[in-house]
Structures are given as structure tokens and as C-alpha cells.
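Each of the next two complexes has chain A plus one other chain: chain B in the first, chain C in the second.
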Partner chain A sequence: MSIKVNGREVDWVENETVKQLLKRMKYTFPLVVVKINDEVVPRNLFDQVTIPDNAKVAVIHMISGG
Partner chain B sequence: MIEGQIPVEEYKTGNTRHKWDLEKVKRAHRVIAEYEYKKDKVWRGFANRTLYINLTKGEIKEKKVTEEMKKLFTGGRGFGLKLMWDSIKPSTRWNSEENELIITTGPLCGITQYPGTGKSIALSISPATDIICDCNVGGFFGPYLKFAGFDAIEIQGKAKHDVVIIVDGEKGKITVETAPLEETNSHVLSEQLTYMYASEDSDKSRQKVSVVSAGKGAENSYWGCLNFSFYDIRRKVCRLKQAGRGGLGTVFRDKKIKAIVAKVEHFDGLSNNPADPVKLAEVGIKLHREIRDLDRYQCNMRAVGTSHLVEIMDEYDLLPCENYRFGSFPKASKIYSSKFYELFTKIIPDGCWYGCTMACAKTVDGFEVMTGPYKGQKVTVDGPEYETVATGANMSIWDPKWILEFNFYCDTYGLDTISTGTAIAFYMEMYEYGILNKERCDGLELSFGNYEAVLEFIHRIARGDKGEFITVASKGIRRVKDWLKKKGWGDPQLIEDCGMESKGLEYSEYVTKESLAMQGGYGLTLKGPQHDEAWLIFMDMVNNAIPTFEDKAEALHYFPMWRTWFGLNGLCKLPWNDIEPADNAETDEPAKVPEHVQNYVDLQNAVTGWNVTKEDLILQSERCYNWQRAMNVWLGRGRRKDDWIPYRSMGPVTEMEYHSRRERYDKQLVEKLGFSEKEVENMSVKEKMKLLYEYRQDQYQKLADAVYYRRGWTPNGVPTPQKMKQLGFTDKKMLDMLQKAIDEDEKKGLNVWGGKYSKGEKPPSIIPRYWEKW
Partner chain C sequence: MDKKKYEEIREKLQESSVGIAGLGGLGSNAAVSLARAGVGRLVLVDFDKVEESNLSRQYYFQDQVGRLKTEAIKENIERINPRVMVEIFNCKLEKGSMERLFKDVDVVIEALDDAEMKTAFIEEVLQKLPGKPVVAASGVAGYGRCDSITTKRLGNLYMCYDEGAPSSEESVLIAPRVALMANWEANLAVEIILG
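Presenting the complex of A and B:
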């Protein structure tokens, strides 16, 4: 059982929330947009929405850089 | 008292404690050239003339800006390139008589309604690279130059003695005067000249003066930067912003220019005479509100400036540590932005031009200097910005105060913190391997973390020390590589792979090993490895949003073109994407920040009265970008070999680096190179490194193939006459030169793709001379 995070295969963890997934992936940057199967997850629901098995998760880091 | 806020009674800096006899200093001036001009108003963002000064001949004249020039070159950097094309030769080098130092503005420069609109663009042939280097810099000089009457100042020739050039917008007069008694170092000189040329002894008058200078370090190295001042009326201090890259300060001092002073009589938000001031205000207010409401939740630029990037880069393994060997470090948290926040003076607004609500130009006031000629004095240190803090990581200096000391001296000596820091990091690695040692370093113990040796090194540069190491090392990594090889010290391949320079310019501060697109963002560039063309690390490495060569090539087309546009207009890049609208993520192309792109369309139309679209903005940039690349070709460079990058920026050079990311690299051998896990397990690290080395080098060549094709260039990286004609250029000299270069490359067999394409893969085009079919 797995999910795809930014195109890369990652183990699926049952009942894992978006917030927990970000922690597991070490995505500490605060300004991220998360989409699960192309649906945007509102930031205020990161600790409530769980990741379904086989999901395609996009964690877009809105970082400006230099 | 807010944390970090110094008490009012201590609020003095070394800069303001000096007592000079300015009358005496000024009496020593001798006017060697002067020119009176008719004052005129700026119209729709343009002064419609440029100023030409020849220091050898003592000649000063005006040049008209034509409508054709605006159409083809827009303004700013584009104007600079056009002026240089008309004045230099293919054989011109940085210290040639005919080399020019140009400072330009741009049609949007000096508006006060929108954040980030006070930028100047400086250009010259660089001592580091032998091609044109352009730098985008804040401070008041650019707007003042324009409001004094000129879209650009173009300086050719060399003076016999140190001079200051005064552009007096109050009197409508240009003078070139000898300046024997002033200091050379910038934090002192900018203050002397601001006080000397202010019309009255008042803060308001001093605010109308801006000084460009470079210090003693610029005289004695290839890392000279230009300091652009702005008088901070609240701190009562001349603050400095740097045109850092490529040694333009070195050119400045080679021409014996001590300073350029611009002063204005009056200016306001309408001094550009914009076509639609109401629209201008409307767009500006929208962004001001956005910054006010969202910055604290996004980049926090108003509180800590660009230093917010330090912790992000460390956490994502991208912070260059110990000469880019590693992307994070256990001690890195000691230099996170929170540590500098404690030192920054708060409350006082920090914009480097009027109307910038982003206000990212932080200062540490009352900093007590610990070494060198200003030891014991209290000074105002501008910055440090991310790049400067990250050079600390690169040199393994983890104490904010020593980073501030490094920052202060680099600035006042006119040394680029990026080149200086990156180069020292390389010397330190060579020191660690025994390729350099104390004796070979003129007595300096340049080991990682030795901040005292770092400061002593830059003091010696500023003093003009003639030791063999100091002399070579102050010219940068490229020259040191050649020197080490000539001496027969160390493995030449190791030296080439570890020294982080391309085209002769030192890298800025990001680890690119795991982002092929960003390797291209540093290598496939006009002036060298500076991140101002494209910053794609997260888009590529983390978001995985540009997986194919075509995707990366598209990004390496769009973003360099887009970012070039800021330099054509006299704008700062930061308000484009260091703040984003709340709903930006929901747009089709969030990385482009579509709403802000539209803001810029509206701004250019509102100022100039043109009727451009967002596609036109890219076209404006594409013209400039291709013209600059073509000039690189003209100057004997601008080919595939010149876009080479050192292997340290592509992958692990040493076994220690491989071990630090072993899991990642082993996985790549399986997933990308097709080895089984068992085979990888049985390989030595040396074998694995060799395989990875060949693979990653080939990936880079394939990327170059895709990018050159996308940009409309030959497989050897030359812009084609067909492309130039498409962009609207008809200059016969340029078109003939490019055709000749392409024909010569053809004879040498260089018009071929660089990647090794196996079965199932194909290069961007299989048609020979494909550009002729367009």
C-alpha cells in the first residue's frame, strides 16, 4: 500500500493526516499548498484531513528563493 | 524596550562620530571637466537622454534616447547593453581604456507607489569573466540620476588621479573633480560626500544626495563591488546597497573613480510623469495591503529580510556548508534568522527606496568592530542578507557577530561578500587537504572556521599586500585553480571539481547537487553562477514539477526571461514572489505568481502609456537576453564550453560527500542507471562515484541541449541570426557576426549536441542547422 508524494512513491500510513505526512517527509517549510488527488486541502484542515491509500499527493512549496 | 532595540542614548554609530574638515577636503578638489545641461522633466518614465563621460579625454556629452532604442531595448540593462555595443570592441577587457562602466535606471525606476522600484543596473566587462556582468542594486542613486536628467551614465576611459563625478540635478551641471583627500572605504566616503554635496546642513538635504563608491578592497582584487548609498533620515547614517557580482568595483577603481554623486532638487511620486497615475496608485495599494496582511505568514521579509532562507535551506539540505560539501550542518541553527533578528534594529522602517513596504533591508546598528582599521568603532552594518550569512556556513563560521564583521568589512572595502566567501571556502578546503598550507598562504591558517584568518585575509587585500597567495587568491577561484596546477600542488581534477566557479565567477550560495534544473540555472547563464536568472531548486528537487528535460528547458527559458525584465525597468525582484496573493496556489501557474505578473503589465502601461501584454514583457526580456548572449559570443565566449560547471555542483566529489548522502546516491544507481541493489552493494564507493560522475555530467549536457534548443540557439549555444531577426533586430554588424561565429563552429565540428543519446532517446532536433528551416 502506497501513495505518491510529488511523484515519488511513499508508504501509506493508515489515518495519517496531512500534518503528519508533512512531518514524516520533513517538509518543514510553512508555505506549502497540499493537493490530494488534485483537490486543494485548506491549510486549516491539515490536522484533520487524512491521506487515503493510493492517493496522489502534491506538496507544492511556494518558496521564492534568491 | 523591544528585544534587539538599542536604547536611544546609545543610538549612535561610528559613521556619525567622525569630524572632518570638509571645507579643506573640498578645497583640494580641482575641476578637470564640466558640462552644463538644460534641465528637463522626465516624461512617461524616461529622461530621454543618457550621459557620456570620457575620463581620459575629459569629455562630457549627452546622447539622445531614441524611440527605436526604447522599442528594442526597453530601458535599464537593455540600454546598458546597447551603449556598450556601440562603444567597445571584441578585444575589450576589463582594464582596457574603452571598457565602460554604465549605471542605468529603467522606465519604472523611481516610482514610489509600488514596492521595490528604486533599482539601478550597473554593467561593465568583468575582470572575473571577461564578459559583460550586470548587477541590480538598491539605494537612491538610480532614481536620482533619472530625476537629475539621465536614463543612464556611461563612463569610458581612465582618469590620471582619483576623481569624483558629480551629477548635480539642482544646477543642471556635471563636474569631474580630482579628490585627493577623501577616504576610499565606502562607509566613510559616502558620508563625507553626502555631507559635502548636500545643499544645506540638514537631513532633508542629505537625503537628496546619493553616492556610488568602492573601497580599498576593490582596488586590489577582482571582487570589487559598488556601494550605492541612501541617507537614512531616521538613523542619520549613509546606508549602503551593493552591486556585488563580477568585480564592477574593480573596474571603477581602475578608472580612478573614487565616487559618483547624484543629487536632486525635488522629486515626488509623480516625477516620472506617468501616463496613468490613478492606475499606478491602485496597483500599488493592492500590493501594500498584501504585504501588510500576509508577509508575516509567508517569508517574514519585513522582520528578517532574506535571512529567513537560512533555516529553510539548512532543513532541506541546500545550505552550502564547508565549500558546498554538505547541505546542512549541526551548528547551522546558530546562524538562523532568529539569531540575526535579535541583533537587527527594529521599529525603524527599512526600505532602500521610498514606498517599499517590503522593507527587507535590515541593519545592525551600533555594531562594535572587532578587527582592522575601524576596530572599536560603532558602525551600522547593512544586512546581512541570506547570501552573506550562507557564506558563513560555507566557511564554517557559526557566530553571527563574525558574520557581521565579515559583512561590514566586505562592504566598506568594496568586496563582494559572495565571491569573497565562496572563494575563501574553496581555499579552506584546499587547506584541509594539504594542497594549501600556512606557508603557501602567506602565513594565514585558512582552515574551516578560522574567522580571524578570514578577516586578516581581507584586511591584507585592502592594504594591497603583495604576497604571492594574497595576490592570486584575491583574483578568485579560477586564478587560484590555475596557480595550484601550475605549481603542481594537488590533484588537478580534484581542484577543478571542488572550486565553485563557472565562467570565472564564484557561485552564489545554494547546493545544487540534487537539482539538475538549478545546475542549469547557474551554468546556462549570461554572466555566471548567480541565482538571479532562475531559482528552481524547490520546483525541481522538492516539488518534482519539472521532471523532463523539456520541462526543465521551459523553466530555464521562462524564468530567466521573466527575471531579466526587472533589470530592464529598474525594479527589484523580491515583491514579485517573496510575497504572494492569498489565492495564488489556486491559480494555473502558481510559480509564476500570475496576479503579480499582471501588476507589472499594469505598471508598465501606467507609467509609459504603452499598451503591453504579459507576453510583451517576456519579448522585451528575450531581446535583451539574446543580445547579451550574442555580445558574449562577440567577446569570444558564449559557447557550450563556457557554460561548463564544476562537478561539486553536480554531485559528490569526495567519498565523504558520497557517504553523507549514500542512500540517495545508491538509490539513483538502481533507479536511473539500472543496476540491481545487489550490484550496487558489491561496488566500492570509488566505482559508484565514477558511474554517478559520468551519468550526471551527461545529464547536464542533455539539459544544455534542451535549453539551447528552447532558446533558439545552435547546439553550441550561439543565438542564431534567424532568432535575432524574429526578435526584431536588424543590426547588420550583429547578424553578420553571429553567422560568422556559427560558420566557424561548423568548421570545427562544434554544432553538435553534447548529450550521449542511447536507444530510445533523442536529441532536441535531428535536423542539421535546424534554425535555418525556421
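Presenting the complex of A and C:
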């Protein structure tokens, strides 16, 4: 029962939302793009979408500048 | 390199199209690089005018200060490679319709400056144009840190990425690193096109 977050293996927690996972991982970046099993999760759904077991989660930190 | 292979590459690039959202440091440099490479069609979007301070990193000239970036970059590209078809859109990308101008290009490059807009753009294009390759950049500000830049591929999203870089509020935006990231994005686009 585990998931991978940015390649790092962590415990899977039942019914954990994206928002809760980001908090647990201490990802405090204000702006991130989150993909679960290669599907992008819109930010307005971070507190609704839950992480399935065995998921591969990618969190990309967007930094201003261009 | 043998002539046949060279011709194949040239033809593939000539038949390809790339859309670029934003014509600041990332977008103007990426556009010029892709024009030099011989990409056949470029769709370029920005709402801004060239400012004196932009010249520290963006592909414009002193005598273009005050002009629309879209028109200035088109002129610069035509001076380099007049065979490129350059389509310009002088407008601000709005949340809810970010993908609108990029439906019919082969590759989309995110070249916006603000993190909020970058995030919204990537989210929307990935969701609304499934299968469309998106090249984006995060961590452009500052100097040095060459070896911290990596390509992070997540399905159709190709990130030119340095997560430890400062933001543009914390550090400078200057040519060497900005152009490096811009050409990194352009190089990824070429790689996607050529397969």
C-alpha cells in the first residue's frame, strides 16, 4: 500500500486528497501542476480528488520568470 | 551527414508548426531559434510592447522599443528566414480559453512569465487539447546553475525545469540563463517534431 510522489515511495492513505497529500509532503510551493498517473488534476479539484493506491504522483513547482 | 537524411530533417521541420504563448525572454528567443532551424509555421501570441528593460534578454532591438512584440518579432524573423510563415496574435491569453489559438499546431511552447499564468496555461492545454505536446519552463530567473536544469517528461508535458531556482521576484532575469532555457524549450520542440 504505497504511492510514488516525484519518484519517492510514501505510504498510501485511504481517502487522502491531493491537498492533504501536498500538506503531508510539506510541499508549500504556491503554484504547482499535479498529475496523477499522468492525468492532470485541475487546481480547483485539489480538495476533492483522492489519491488511489499505487498511484504515481508528479508535483511540478511553477516558478515565475520568462 | 548524408544528404538524404539532411533533406528528410529539413522537410519535416518545414512541414511542422509550433505555437508560442508569450514573447518575452523565453518566447522571443525560442521563436528565433525555431525560425533559424526552419520550422515552417509559427503561431506567436503576446499583448505587450517592447520596453527598454526587455533588451537585457529578449530578442528585440533598440529601435523597436515601444512597438508591439508580435510585430517586432515577426519583422526580426523575416530578416532571418523569410520562408517561415509567421502568424501573430496581439492579445492577452485569458483563463478559460488559453488553448484557443493553439489547436492546429504540432507543439505548444509555454513562454509566459507569471507562475500563476504558467500553471493555468499548462493545465488548460493538457486538458482541452489531449495528445498535444506541451513544452514548458520553470526556474528561468537568476544565473549559473546550468547543471541543475533538467528535462522532466510527464506524458505530453515536457518541462525544462530547475525547481531550486529563484523566482523572478527574488532574482534577475538576464540573457544567458533565459536564452539557455528558451533554446532548451526550442530544442525539445525540435526533438518532438523529428521524433
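One rule holds for everything that comes next: the second predicted complex is superposed on the first by the 63 of 66 C-alpha atoms of A that agree within 3 Å, B and C clash if a C-alpha of one lies under 4 Å from a C-alpha of the other, contacts with A are read in each partner's own complex, and residues count from 1 in each chain.
Quick note on the criterion: a contact is a pair of C-beta atoms (placed from the backbone, for glycine too) under 8 Å apart; a residue touches a chain by one contact, two chains touch by 3 or more.
Note that this is a predicted model, so its numbers are computed, not measured.
*Asks:* For A:63 in the superposed arrangement: first (chain B), second (chain C), both or neither?
*Replies:* A:63 sits against chain B and chain C alike.
*Asks:* Who does A:28 touch here: chain B (first), chain C (second), both, or neither?
*Replies:* first
*Asks:* Let me test your reading of the model: by the given contact rule, A:38 touches which partner, first (chain B), second (chain C), both or neither?
*Replies:* The second partner, chain C, only.
*Asks:* Identify the partner contact of A:49: answer first if only chain B is touched, second if only chain C is, both if each is, neither if none is.
*Replies:* neither
*Asks:* Quick check for you: in the superposed arrangement, does A:10 touch first (chain B), second (chain C), both or neither?
*Replies:* Touch status of A:10: no partner.
*Asks:* After overlaying the two complexes on chain A, where does the chain B footprint on chain A coincide with the chain C footprint?
*Replies:* Of chain A, residues 30-31, 33, 40, 58, 60-66 contact chain B in one complex and chain C in the other.
*Asks:* Can you list the chain C residues touching chain A in their complex?
*Replies:* 22, 24-27, 111-116, 118-119, 122-123, 126-127, 137-141, 152, 154-155, 157, 159, 161, 163, 165-169, 173, 178
*Asks:* Sort out for me which residues of chain A touch chain C in the complex.
*Replies:* 30-33, 35, 38, 40, 42-43, 58, 60-66
*Asks:* For a test of understanding, state which residues of chain A touch chain B in their complex under the given definition.
*Replies:* Where chain A meets chain B, its residues are 6-8, 26-31, 33, 40, 58-66.
*Asks:* Given the complex with chain A, which residues does chain B contribute to the contact?
*Replies:* Touching chain A: residues 297-299, 306, 309, 312, 315-316, 386-387, 508, 510, 531-532, 535, 537-538, 542-545, 547, 574, 577-578, 580, 584-586, 590 of chain B.
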